Amino acid sequence: MQKEPINIVEEITQSDYKYGFVTDIEQELAPKGLNEDIIRFISAKKHEPEFMLEWRLKAFRFWQQMKEPKWANVKFPPIDYQDAYYYAAPKQAANKPKSLDEIDPEIRRTFEKLGIPLTEQQRLAGIAVDAVMDSVSVATTFKEKLSELGIIFCSMSEAIREHPDLVQKYIGSVVPYTDNYFAALNSAVFSDGSFCYIPKGVRCPLELSTYFRINASETGQFERTLIIADEGSYVSYLEGCTAPIRDENQLHAAVVELIAHKDAEIKYSTVQNWYPGDKEGKGGIYNFVTKRGICEGNNSKISWTQVETGSAITWKYPSCILKGDNSIGEFYSVALTNNYQQADTGTKMIHLGKNTKSRIVSKGISAGKSQNSYRGLVSIGKKAENARNYSQCDSLLLGDKCGAHTFPYIEVKNKTATVEHEATTSKISEDILFYCNQRGISTEDAIGLIVNGFSREVLNQLPMEFAVEAQRLLAVSLEGSVG
Amino acid sequence: MAIKEKITDYFEKYTQSLNGEKNSYLFSLREKSIKIFHELGIPTLKNEEWKYTKLNFLNNIDFEISNSAPHSFPENFKISDYYIENFEGDVLVFINGFFEKKYSRIINTEENLVVTNLNEAKEKYSNILENYLTKYTDESNNPFTALNTALANDGAVIILPKNFEKELPIHLLFINIPLQSNLITNSRNLIIVDSNSKAQFIETSYSWGDLASFHNTVSELYLKQNSEVEYYKFQNDSHSAYYIGSTQIHQEKDSRLFSTTISLAGKFIRNNLNSILDGENSEAHFNGLYFIGNEDFVDNHTLVDHAKPHCNSNENYKGIIDGKATAVFNGKIMVRPFAQKTNAYQSNKNILLSEDATINTKPQLEIFADDVKCSHGATSGYLDRDAIFYFRARGIDEKIAQSYLLNSFSSDIIETVKIDALRDLIKSEIAKKLSMNELYFCSILESNKI
Amino acid sequence: MSLLKIDNLKVNINGKEILKGLSLEVNPGEIHAIMGPNGSGKSTLAGVLAGKEDYEVVEGTIEFDGKNIFEMSPEDRAREGLFLAFQYPIEIPGVSNASFMKTAVNEIRKYRNLEPLDAMDFLRIMREKAKLVEMDQAFLNRSVNDGFSGGEKKRNEIFQLAMLEPKLAILDETDSGLDIDALKIVANGVNKVRNENNAFVVITHYQRLLNYIIPDFVHVLFDGKLVVSGGKELALELEEKGYDWIKKQYNGVLV
């Protein structure tokens, strides 16, 4: 007669990771370990010009001097940097196929399984894709169509070979290799990534997208993305990620740099669903990523949107340096943690120019035994007359074994600035669920409704196709969450 | 001599001066604490708790550690300047860290009520000191508290018996008079309010003259079941005054704490205000106003630690920063696992008045229980331009408009002070700061409806 | 067949006996009022019917539409047509009334093997029903009960009642805290929804409500049992004399 108490937590943790399969393809690996020879090997493999190798070596030497950071609210065992492969590539991809038809059918199938068709006939409504498996780009669609407009959209390796001037000018200009431990490591060993350049006055007609897939075991993935929007241009860029289920932890240390010139706008969206580890917290990706954009010119705008559901540990703070007058920075984030996941994420808005504006909307959802932290900095410089910031950080707790933490740092050095920060924490209470049940809504649907309502403001920022995907992902990550 | 060596040196001399006391509990506590202090060292900006707070003065100024009260006061020193006008209650005066009975006033002499100083209490109430001192101060994370335990010269010891409901405001007045050299004093207060009792405490700290003075003080407050305490700090010190004050509060079931901290001046002020809500249905109210200018620095660090279910906390700090002053606010709300049905609210609002003023604010929520309602907000801004324009459109000077608005901005905090004499003092000091006789003139006009 | 049949219901909360053998039968088309002093077990009865968990049913049966209610989850009870208007409606920030109701209506339809309503039909119905309780458009887009006044929350309960068209509605002190104008709106809403196929159990403290929702039966719940039943006159008698005569007569000690 008496119903078992609703156990949100236990049920929540029962859903499975559906991208956990491994693709069986021939690999080319560099020897394990990290030293100058490995870096020379990577650089040679990619036929890089001399300046690139020099830069990598400088970064490596700098990295050697650094200590791995310790973070107050993130705990993980020490990483053995010598016990990993720093270069893994599907064999065929070492010489990237000239046309999409030549792609290894096994790779093609992998991406189809992930819902990313690599043929232009099956184009996802208006999206051009650069598909990256392990360390290298395996295919880029719609290149020709884009190049007609002068848009360069290709893998980073290709950009280094074909457009060395642009790369040399911008790489490390927003995230120098001295920035932090993982940015230094990335600068030394990055293997590939996406590059795009939107010329003056061009509005990119397609959504540009990179799909990252870790396949090989015992590898780190270190990609590097560089997006430059020249004066008056616009681009919307999407990034998605998955990895197979493996017992060991894998390191993903990427660097993303965005440069928006005068009147330009960059919209960068991420749906991150790296393997989060199993229910006992075994395995999963360490997602230590440095993402930063600079609003270089006046009236420019950079907008970050992220939906973070995967990874054992997420440590990332997509940031905006608002240098140009009237420039705008935005950060919209939903971070969901479950089981033993840890997320420490947020943003930095550095206001330097006059009339700069920033907006932060962060929604954290914690379930299981997970820990979810928002950490953000709003800094108003002395010359940032009339700067405005509004931050809203909300946390939603499901179950009583998880934690939600908010660490906003606000530094104001200009009296005309207005900074507002608000944060709330609430739970999906038994009362709410019972109320929904009484109206005939199952507990699962009720949670779905509430979580989507809670995240709506952020999901609305995503392009349509991604918003649907993200909504589904949130539901799956909390699937079976209740009885 | 560097500061750390001076401290070691002082401690050794102090140890030698002890005879029978070496076996006392207090001395073993001091020995332990001096070790902790030396292990921790003086925090740098890399320490998250001191991220915005530079402690250079400790190395840049040549301090001596106070070992006695001066034999006589300097000519232009008048102790009456430091009493609160019209204040009715006990006053305990400490000069250079030592209790001065002849300048103090202890009216309340009820049975079982203890109003005394640490040096007196050492013998008479040794078991109480043993049971309470350092119980919740967490010295391993607080070098200055450890330093205080090691070196404290004296301080107030106040113990209210059960069911004591008489109005009993007590003013703890600390004055440093550095005569020959820059001075460090350490004072330690212990306050225990037993069940169903009510009390009001004021702490003020002043330094006289141009030589620098560093007052490192720690107060421990114990609120037993269903007790109620009002705790006020009023800071209006000189430009040679350095101050680090930590208040550690422990609250039992159904207890209620009302704290208001007003900081109007001081070269360097760091207030640590921590309360552990360690019994169901206890509540803590933290209010604060910092209104500073010149090159003053005020740092308010608060921690509300919800350790038991069904507790409420409410925090409201406001700041007005002028001149080249810098203010720091770091408010942490911690909700421990099992502290369900917690309600916690925090707000920090700031107004910068000048080009060179800085505010660093860091409201923090750390939540480990799920059935909680917590929220915090922080703002920094300038005065409402439309409102100022409205004043001006009616022919009122911008400066007066500003005073009006600042006055109303700070009034809700000032009104949390329930001791009339103290509130009047705060109001008149703020009026001075706003340099606005006009303000009063206007309000007179208003009230007379001319 | 009766719509609701409660037989000898005994319920504990935290080991304490609250309902001590309560029986009640409700047929389609009837309105029953349950009155009683504070702590007599009125809200417990409402909670047990809707399937709230804090209660331990020690003895007795409840059949709803011929089915054993204890074998049904709260949502299935709702889908079967049992509606509880909460004494304290819950606030759900971030979820609009419209999406809340659309989900509820379509879940119930699914349970009854009906096609879900499309958005247009749903909107039309929703606007129609909103008029019953004099709610405007903006109301529908606001988050469920979030920041609503007491009166608005109660009106929202009746709006939901109208949307879901239950067979049996239990109004748990829906009148408490309402001024007379709001009370009329709520009562009016109920009267428009009532018909010969549905039934109401109106739990209230005050006779006032029963001037607007005329009951067929009035029961007095006292010390966990229905001790007196009668027609609508009983409510007036209670209003006049208070509960003391019942307390004396039934020798109960007030809980």
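A, B and C are the chain letters, set down in written order, and residue numbers restart from 1 in every chain.
The rule is simple: contacts are C-beta pairs under 8 Å (C-beta built on N, C-alpha and C of every residue); 3 or more make two chains touch, one makes a residue touch a chain.
Just so it is clear, the structure is predicted and the values come from calculations on it, not from any experiment.
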Practice problem: Report the chain whose mean Cα position is at the greatest distance from that of chain A. | Solution: C
Self-check item: Centre-most chain [mean C-alpha coordinates]
Solution: A
Quiz prompt | Centre distance in Å when chain A and chain C are each reduced to the mean of their C-alpha atoms | solution = 49
Quiz item: Distance-wise, how many Å sit between the C-alpha centres of chain B and chain C, to the nearest whole number?
Solution: 54
Quiz item: So how far apart, in whole Å, are chain A and chain B when each is placed at the average of its C-alpha atoms?
Solution: 45
Practice problem: Give me the residues of chain A that touch two or more other chains. | Solution: 426
Self-check item: chain A partner contacts - residues on chain C that touch it in the complex
Solution: 50-53, 56-57, 70, 73-75, 77-79, 83-84, 86, 89-90, 92-96, 99-101, 103-104, 107-108, 111, 143, 160, 164
Quiz item: Which of the residues in chain A come into contact with chain B in the complex?
Solution: 72, 380, 382, 395, 397-427, 429
Exercise. Flag every residue of chain A that touches chain C in the complex, lowest number first.
Key: 1-3, 5-6, 426, 430-432, 434-443, 445, 449-450, 453-454, 456
Quiz item: In their complex, what parts of chain B are in touch with chain A?
Solution: 48, 52, 337-338, 340, 350, 352-355, 357-382
